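Report on the structure given below.
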Amino acid sequence: MKLEALPWILLFLPLCAAGIITLFTLRSQKLSAGLSIGAIVSGFVLAIALIKSGGWEAREFSLNWLSIGNLNVDFGLRLDALSLMMLLIVTGVGSVIHIYSYGYMHEDEGFSRFFACLSLFTFSMLGIVLANNFLQLFIFWELVGVSSYLLIGFWFDKASAADASKKAFLTNRIGDFGFMLGILTVFAVVGSLNFAVIQEQFKANPALMGGSATLAGLLIFCGAMGKSAQFPLHVWLPDAMEGPTPVSALIHAATMVAAGVYMLCRVVFLFTPEALTVISWIGGFTALLAALIAVQQNDIKRILAYSTLSQLGYMVMAVGLGGAGAAMFHLTTHAFFKALLFLGAGSVIHAMHHEQDIWKMGALRKKMPVTFWTFLVGTLALCGVPPFSGFYSKDAILAQAWHAHNYPLFVIAVSVAVLTAFYMFRLFFVVWVGDVRSAEAGHAHESPGVMIWPLRALVVLALFGGVLGINEIFAAQFSAAEHAEASEHGLTLLQRIAEPFTNAPVAAGIGIIATLIGFLTARGLYATAKSDPLTSKLGWMSRAMANRFYFDEIYEATVIRIHDLAGTISNWIDSWIIEGLCIGVVRGGTDLTGRALRLVQTGNLQTYAFLFVLGVAVVLWLTLGK
Amino acid sequence: MSLEISVVALGLIVLLADLWLPAERKRMLGYSAAAALLLLFLNTFTSHCSCSLAEGPDNMTSAGMFIQDGLAVFFKRFFLLAAVLVLVMAVEFSDRIGAGVSEYYSLIVFALAGMLFAASANDFVMLFAAIELITITFYVLTSFQRGRVRSLEAGVKYLILGALSSAFMVYGIALIWGTTGKFNFQELAQVAGKFAANRVFLFGVVFFLVGLGFKIAAFPFQMWTPDVYEGAPTPTTAFLAVGSKATGFVLLLRFLFTAIPDVAMHWNKLLIIVSGITILYGNLCALPQRNLKRILGYSSIAHAGYVLLGVAALTTAGESAVLYYLAGYLFTVLAAFAVIALVMRHLNSEDLAGLAGLNQRSPLLAATLTLAMVSLAGIPPLAGFFGKFLLLKAVIEQGPANHGYYCLAFTALAGVIISLYYYFGVIRAIYWSKETPDLSPIEISKPMKMAVCFCMAGMFYLGLFPGALINYAAQVVKSLK
Amino acid sequence: MTTLTLIFALPLLAAVLLAFIPRNFAVVMRLVALVTTFITMLLAVKMFWNFDCAAADNDGYKFVATIPWLGSHALGIVCRLGVDGLNVGLVLMGAIVAFAAACCSAEIKSREKEFYILLLVMTGGILGAFASLDLFFFYFFHELALVPTFIMIGVWGRGEKRNFAAFQITLYLSIGALLTLVGLIDLYLQVPAEIRTFDIPSLTRFFVEHPMALASQSFIFPLLLFGFGVLVSLWPFHSWAPLGYGSAPTATAMLHAGVLKKFGLYGLLRVVIPFMPQSAQHWMPILAWLSLGNILYVGWVAMKQKNLNLLIGNSSVAHMGMIFLGIATLNLVGVTGAVVIMIAHGFLAALTFGLSGYIHSQTGTLEMSELGGLAKKMRFVGVAFVMAAMAGCGLPGFLNFVGEATVFFGAWARPGLRLVTVLAVWGALIVGAVYMLRAVRATLHGPLPEKWGRLPDAVLWRKLPYAVLLASLFLFGFAPKLLTDKIKPVTQQIVDMANAQEIATQAATVPSPVTGVSTNGTKPAPGGVKESGK
Amino acid sequence: MNVGLEHYLVVSALLFALGLLGVITRRNLIVMYMSLELMLNSANLALVSFSRFNDNLNGQVMVFFIITVAAAEVAVGLALIVALYRKRQSAHVEDLTSMKL
Amino acid sequence: MDALLNYLFSSNGLFWVFAFMTLACGGLVVANPFSRNPVTSAMFLVLTIISMAGLFVLLHAFFLAAVQVMVYAGAVMVLFLFVIMLLDLQEEERRKVKKLGLLAGLLSIGAIAGIFVKSLMAAQPGRGLPAPVAEGGTIPLGKLLFTNYLLPFEIVSVLLLVAMVGVILLSKKDLK
């Protein structure tokens, strides 16, 4: 087999799996799962093989997909550090989650369908990762959207799930609207869609886009805003938790939402400083907002969802601050520990018979020890406790803010870190510690092995992800693009462990302190709480936080209402003005004229004769009257 | 002239044969007459016949009154064919007529003779005699069902209004002759230019056109049409709709384009207005109509308007379109009336409800009537579509010169759209009536079946393979100048 | 007799054959219709497959065949059939949809004979219209296909407003068709009398050499634009379409919305724009704004529909807007995109109407308030419907996306159309998604009402049409080059003709402004996208 | 003043107008019919006078034909009116409206 | 008085007499203020026709004058009277006259006549004509009729046959 074929196989294996499952093996659960899991695991193996064979340098394989005039769209695969790393994450974390799903979804009647959708999603995600041009990226972007739609709405007979999937899709579509316009703008100037070509051109002539550069950048950022759920398009992500938990883990924690950040990193050369400022602020704001909301959520998955939002905000902020490498680094570690957390939550939910309210849980530590330990590792990693992976990546972002001398954002980032530690430990104490608060919690027991082993695998990554040198690979990728001063050669393990403190000690220190503050506050409030003490203390603030700052209501009142109104008006015009008035008048008028004219035909000979003579007179007058 | 003599002789033979024939053989008489006419029709295509290919003004006989040019031959064939079909229809209809069936056949033949003469008329006197022969015959034919008040009423209406129009026409002829001193069309054509500004002459022309307008049922001389169509026996109506109307058109063409071409050129405005209003009037009035024969009456007004489009264009393209359209109209209308004659045979009225369940009673008739309606509505692939296409083309061709023609074209289109409704209403009545009171099969005699099938074939032929007739018509109209 | 002649003649012959089968052999009729359309489809596939290697005549048409005994040589009317890149796809699409429609006609339980005859006539008419190289027969066959539509809606239609629907559709389409007829006749009359012809290639050659007078253009162009526009439900002449399709029997809606409607667009591309370039330049911005009426306004209307078929009908109208926008760009990319959408929409419309027809035949209603959760019971139909909805909101993987994206690229290249494009993208991506998802949500998702507990999923042979249509959408969606490579040369020619004047004046006044932007090996086509480079 | 063609024509025109008036005002079919005869006669008068003043006998031949045809027409017409009268017991136009609209 | 009588019996004078009689009697046919009886109308029609015959004589159309009296006054009018008697027609009922209709009718007839007279004045067809010489005697007319106009003559004979057949059929009594 030729080496060029490998990425293609890697990409299309999941699609084939999805196709075969849909067409042939819907009846046989085992076969379906086997196909789907097989596809992604082989994908993982192939990804490793690719890295082994070709290393991290950039290469492209492409076919012409569409060519009309100067619109040349390739179907191309771009392999470089960025995409290869992403490949590893997607297939790696994906494999784990696939296997986990086999246990989690065991009793569901849509089992095969679930795996088909998962494989479709994997295909789309791999497509995004490997895309070498804008349109292809957009294509898979949309496909990711639709597979997410299918997975969120997996239990479509539940109204809430059906609505959530719709909302997710539409919100994403709003982002895509901007994305599409951005692509159009870029193409109109550059005349190509290929990333490499565009980058070349930008390198040759930085002022290529002129005045439209910022606008184009921001439009493209809209796409990321939708997928990565940045303010103000963040509303769909918490609702998306209506999907099965593995889906939340895979899509809404590890991969799909990361696509936005990935895309920003992919095209980071496009953004002007002004655009980057906007991006960083939106990221920072989202991080803070989501963290605040998470503090007052009671649904275990929603807390994790807002936490995801908040972390994504971090990443976007990092990109905005010029730290694409840091963003990707955090993306990677976040994929590990957030998947871990979600799968842990899934295990809990599974054990609790689909009860998700944390205040109905408690003292699960004894009942589910493995899940407990793995969840704890995830929590620590998320909170950025050294030496867990999250510490390194988050520190990289804080350091980026520090180095960029953007102190307002640095402050925001730190306060987010405080809040993160706070709400995560709130969750931790309420769920695992404390008293048993319900019958389900009393009867809970550990999940089966097929669900536990993936957790264990992820624990390893969450633990050591920070020191594997991932950041250096990214740094190398972006060094050319942003003239980073990161060294080319690899560091030793020890250097890696100490890197935060050598690089930006102040940031690292403040980060650790922030985490500590968060932890202590949470312990003080929740270690033994029966219900949420904060609710009464914060008053309206708490209600606002619990109600997610009323964003859904605001949208309801604006975007949706406006469209609804437009629809009503158009419909009214259609049925009354066009159909009723125009057609009605034409029809009625014709009919009436016919009936009126007919009255002339009285049947009376004399009238006829008279009209005859009248006619003659008129004709005469017309011809000879003058 | 042997054709005309043969036809008149045939009429006499039919009259006489009646004296000796027993009552049960009378059907055969009608068929024989039809067969004889068919032979005469076919004979027009053979080169031996004196009337077939002998064309051109050289062949004028009887002091130039009788002209046997291409146009005349075209219309003679047209009338013969129509008469054959009408005769077959009349045989089918005979049990409703009661006494005098043979006279009915012979009168049809005499009316045909009048039409044949009219087709060749090249002189006002001749024209007058021929037209009166047709008209007076039709007075009788219309009121032939003496048992029915409606038939008599229709006869009287046709009589009074026909006489009125005759009076106008005669007065017009008097004035035209008085000013120019010419009865002959060719001679008139040579001097007509001089009189283009003579108002008495123009007055005469208008009066004459009034007479022709009555024949073709053009607005505002269309009042009689629905009543007479409804009241007359169905074969008469059919002959009236096809033969009488075509006579009007052949005379109109001859008069306008042979006799007074220089004057006619200035009359496009009048023709446009008349044609437009006729189309709209016919179609609008037909909309709320429930009586099938009245629908066809109004529709025949509308179709007169369509044909007038071709006249109004004042070009050879328009003239040949007129011929083409009339040919298509012949098959279509005769097919429709044949079905009506058969279906409504035992009903007192011709209400649309009588068509209910026709598709089960006789699929052939149902299909025929459907196709006839579709063709009248001007929908491919039937004759009506191509005819309308040619007419529109002729009119639009004149558009750049006079924008009134564009308006006329759009008026015609509006008419077509309106007409869709009542034509489709007929189709709906056949296939999708709720009530189906009578489902007894309809018996159709062989000749009638053949006639109906022939009409259908004609509609399809003219719609799909228009080439031959177009060439023929284009060649024929050359003889007008 | 070429493949093309067979494709067009088979359904008509079958219709004649059916006329002679007694009416109680309904199964035979159905079989005849199915077999005929199936063979037609296979032939069309074969023709499409062989298209590239087939011999072309001087004008680039392939599979050219003349049916000499139809028409009138004296008037320059000759029934000549042939395909080039522009219509080969349309013929293929038409044949596939016709087969699907025949499959979906199983719901007809009364007067099968008439129905199948009309269906076959319609099919033959449609294929004839697209295959015709003669303007007269182009119109003739369209009319031939149109009339059965009216009758089928009037007779086998459903819903209380069926009569009004039939009335309205007849009124609109007749007006459109007749306006078109006037326009076409006038177009024909622009050629000197001695060489008058309806032959499209000859006319093309003539008008390339002798541009039409401006006065004639400014009369004929709007006539044809709006004549065709009415036929394609151009806003604001669209209101016939949703109601008409909503009331039509499934097969009719599939054929009309899917295929027959493209007649107008095809006419615009084949005749109107290349023959009358100056008017085209003048009218196209207006058309672009009107297309927004379709995309946005009708999209909004679709959002408010309570009946599934009305919603689908409106969405179909909305999609027409994208095609109009593509045409209005008058550049290679946009116009090619428009053609792609024409084909894509054909499959899609047939698919959606077929599916809704199935739902209707099972539940007896299409009121969305009464439906819900059907995906539980109708797995296959549910999946197919979701796919259709996704295709409808322009999801990649389906052919529709290719077309829409291409149209956007084309439109964006016209600086004057930027604002329109922005709104169109909004309409396509957001509004389109809103109503499509709403349909899915209301019919397939959500809890299943008690009364639909025993609904059956489609049996194998009823799945066939949907599978065929979906497969077509996927196939071309994955490999759009199959289509675009065929379309491109023709659209290039059309665009060149339409922009001939512009190019000439530009060349005369501005000495070719070469911008510094070099694009990686892509050649800016004449009249192509490349107009916006600063 | 010498009587010329115009005088005759005016008389004929007035006669024509009178006939017309009769047709549209009188309700008795027979009287209407008589008025029609009046109109035909006015044409005859015009023809004869033209014939005289144009020195051309052809017009008089036409008059001959008109008279003949009118006689035939009268015969048929009266027979028709009689037949109708037998059915309806009326020769009044306003009773002849069984077909209308 | 003599002068008046002389004038009256000169051809010009006779014209005025006959013209007046024609029009007056014609008027009485159409609108007799004293009687609406069809018989009266018929009698006045006979008078009109006879006066017209006088005009014909003045125009030297002797044969036609004779025909006019014999065919019209003699045959046609007798036919009319017969029918009137046969049907036992009563006086036409005086139904309400639609004034508006009458007015419009009068207007249109007036318009037609007006336009005609106006045209006549404009065209002056009689102007510049030579002194009339044509004599409408039997011989020249007969010659014309049986040479040039033979064909219409034959057609008219068919017409008469048709009329005869028609009349017989219409007045047959053996009908349901």
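Note that the chains are named A, B, C, D and E in the order they appear, and that numbering of residues resets to 1 at the start of each chain.
By our rule, a residue touches a chain if its C-beta (ideal position, glycine included) is under 8 Å from a C-beta of that chain, and two chains touch if they have at least 3 such contacts.
Because the structure is predicted, anything quoted here is derived from the model rather than measured.
Novice: Among the other chains, which touch chain A and chain B together?
Specialist: Where chain A and chain B share a partner, that partner set is C, D, E.
Novice: Which chains does chain A share as contact partners with chain E?
Specialist: B, D
Novice: Fewest touch steps from chain C to chain E?
Specialist: 2
Novice: By CA centroid distance, what chain is farthest from chain A?
Specialist: The most distant chain relative to chain A turns out to be E.
Novice: Which pair, B-D or B-C, has more C-beta contacts?
Specialist: Counting C-beta pairs in contact for B-D and B-C gives the edge to B-D.
Novice: Determine, using the mean of C-alpha atoms as each chain's centre, which chain is farthest from chain C.
Specialist: E
Novice: Comparing chain centres built from Cα atoms against the global Cα centre, which chain wins on proximity?
Specialist: Chain closest to the assembly's C-alpha mean: C.
Novice: If you average the CA atoms of chain A and of chain D, how far apart do the two points sit, in angstrom?
Specialist: Spacing between the chain centres: roughly 96 Å.
Novice: So the centre of each chain is just the mean of its C-alpha atoms; given that, what is the distance between chain C and chain D in Å?
Specialist: That pair's centroid distance is 65 Å.
Novice: Distance between chain A and chain C based on Cα centroids, please, to the nearest Å.
Specialist: 36
Novice: Quick one: chain B and chain E, Cα centre-to-centre, how many Å?
Specialist: 32
Novice: Which residues of chain C are in contact with two or more other chains?
Specialist: Touching at least two other chains: 167, 171.
Novice: Could you list which residues of chain B touch at least two other chains?
Specialist: 125, 128-129, 132, 136, 139-140, 143, 146, 156-157, 160, 164, 178, 199, 202-203, 226-227
Novice: Can you list the chain E residues in contact with two or more other chains?
Specialist: Each of 105, 109, 112, 115-116, 119-120, 125, 148-149, 152, 156, 159, 162-163, 166, 170 in chain E touches at least two other chains.
Novice: For this structure, enumerate the chain pairs that meet the touch criterion.
Specialist: Every pair of chains meeting the touch criterion: A-B, A-C, A-D, A-E, B-C, B-D, B-E, D-E.
Novice: Which stretch or stretches of chain E touch chain D in the complex?
Specialist: It comes out as residues 11-12, 15-16, 19, 22-23, 26-27, 29-31, 36, 38, 41-42, 45, 48-49, 52, 55-56, 59-61, 63-64, 67-68, 71-72, 75-76, 79-80, 83-84, 86-87, 89, 92-93, 95, 97, 102, 105-106, 109-110, 112-113, 116-117, 120, 124-126, 129-130, 132-134, 136, 140-141, 144-145, 148-149, 152-153, 156, 159-160, 162-164, 166-167, 170-171.
Novice: Could you list, by residue number, the parts of chain A that touch chain E in their complex?
Specialist: 607, 610, 613-614, 616-617, 620-621, 624-625
Novice: Please give the residue numbers of chain E that touch chain B in the complex, ascending.
Specialist: So the residues of chain E in touch with chain B come to 115-116, 118-120, 122-123, 125, 147-152, 155-156, 158-159, 161-163, 165-166, 169-170, 172, 174-176.
Novice: Using the touch definition up top, name the residues of chain C that touch chain A in the complex.
Specialist: Touch list, chain C to chain A: 167-168, 171, 236, 239, 243, 296-298, 300-301, 303-305, 331-333, 336-337, 373, 375-376, 379, 383, 386, 390, 393, 395-397, 401-402, 405-406, 408-410, 412-413, 421-422, 425-426, 429-431, 433-434, 437-438, 441, 444-448, 480-481, 484-485, 488, 492, 517, 519-520, 522-525, 528-530, 532-534.
Novice: What residues of chain E sit close enough to touch chain A in their complex?
Specialist: Contacts found on chain E: 101, 104-105, 107-109, 111-112, 115, 119.
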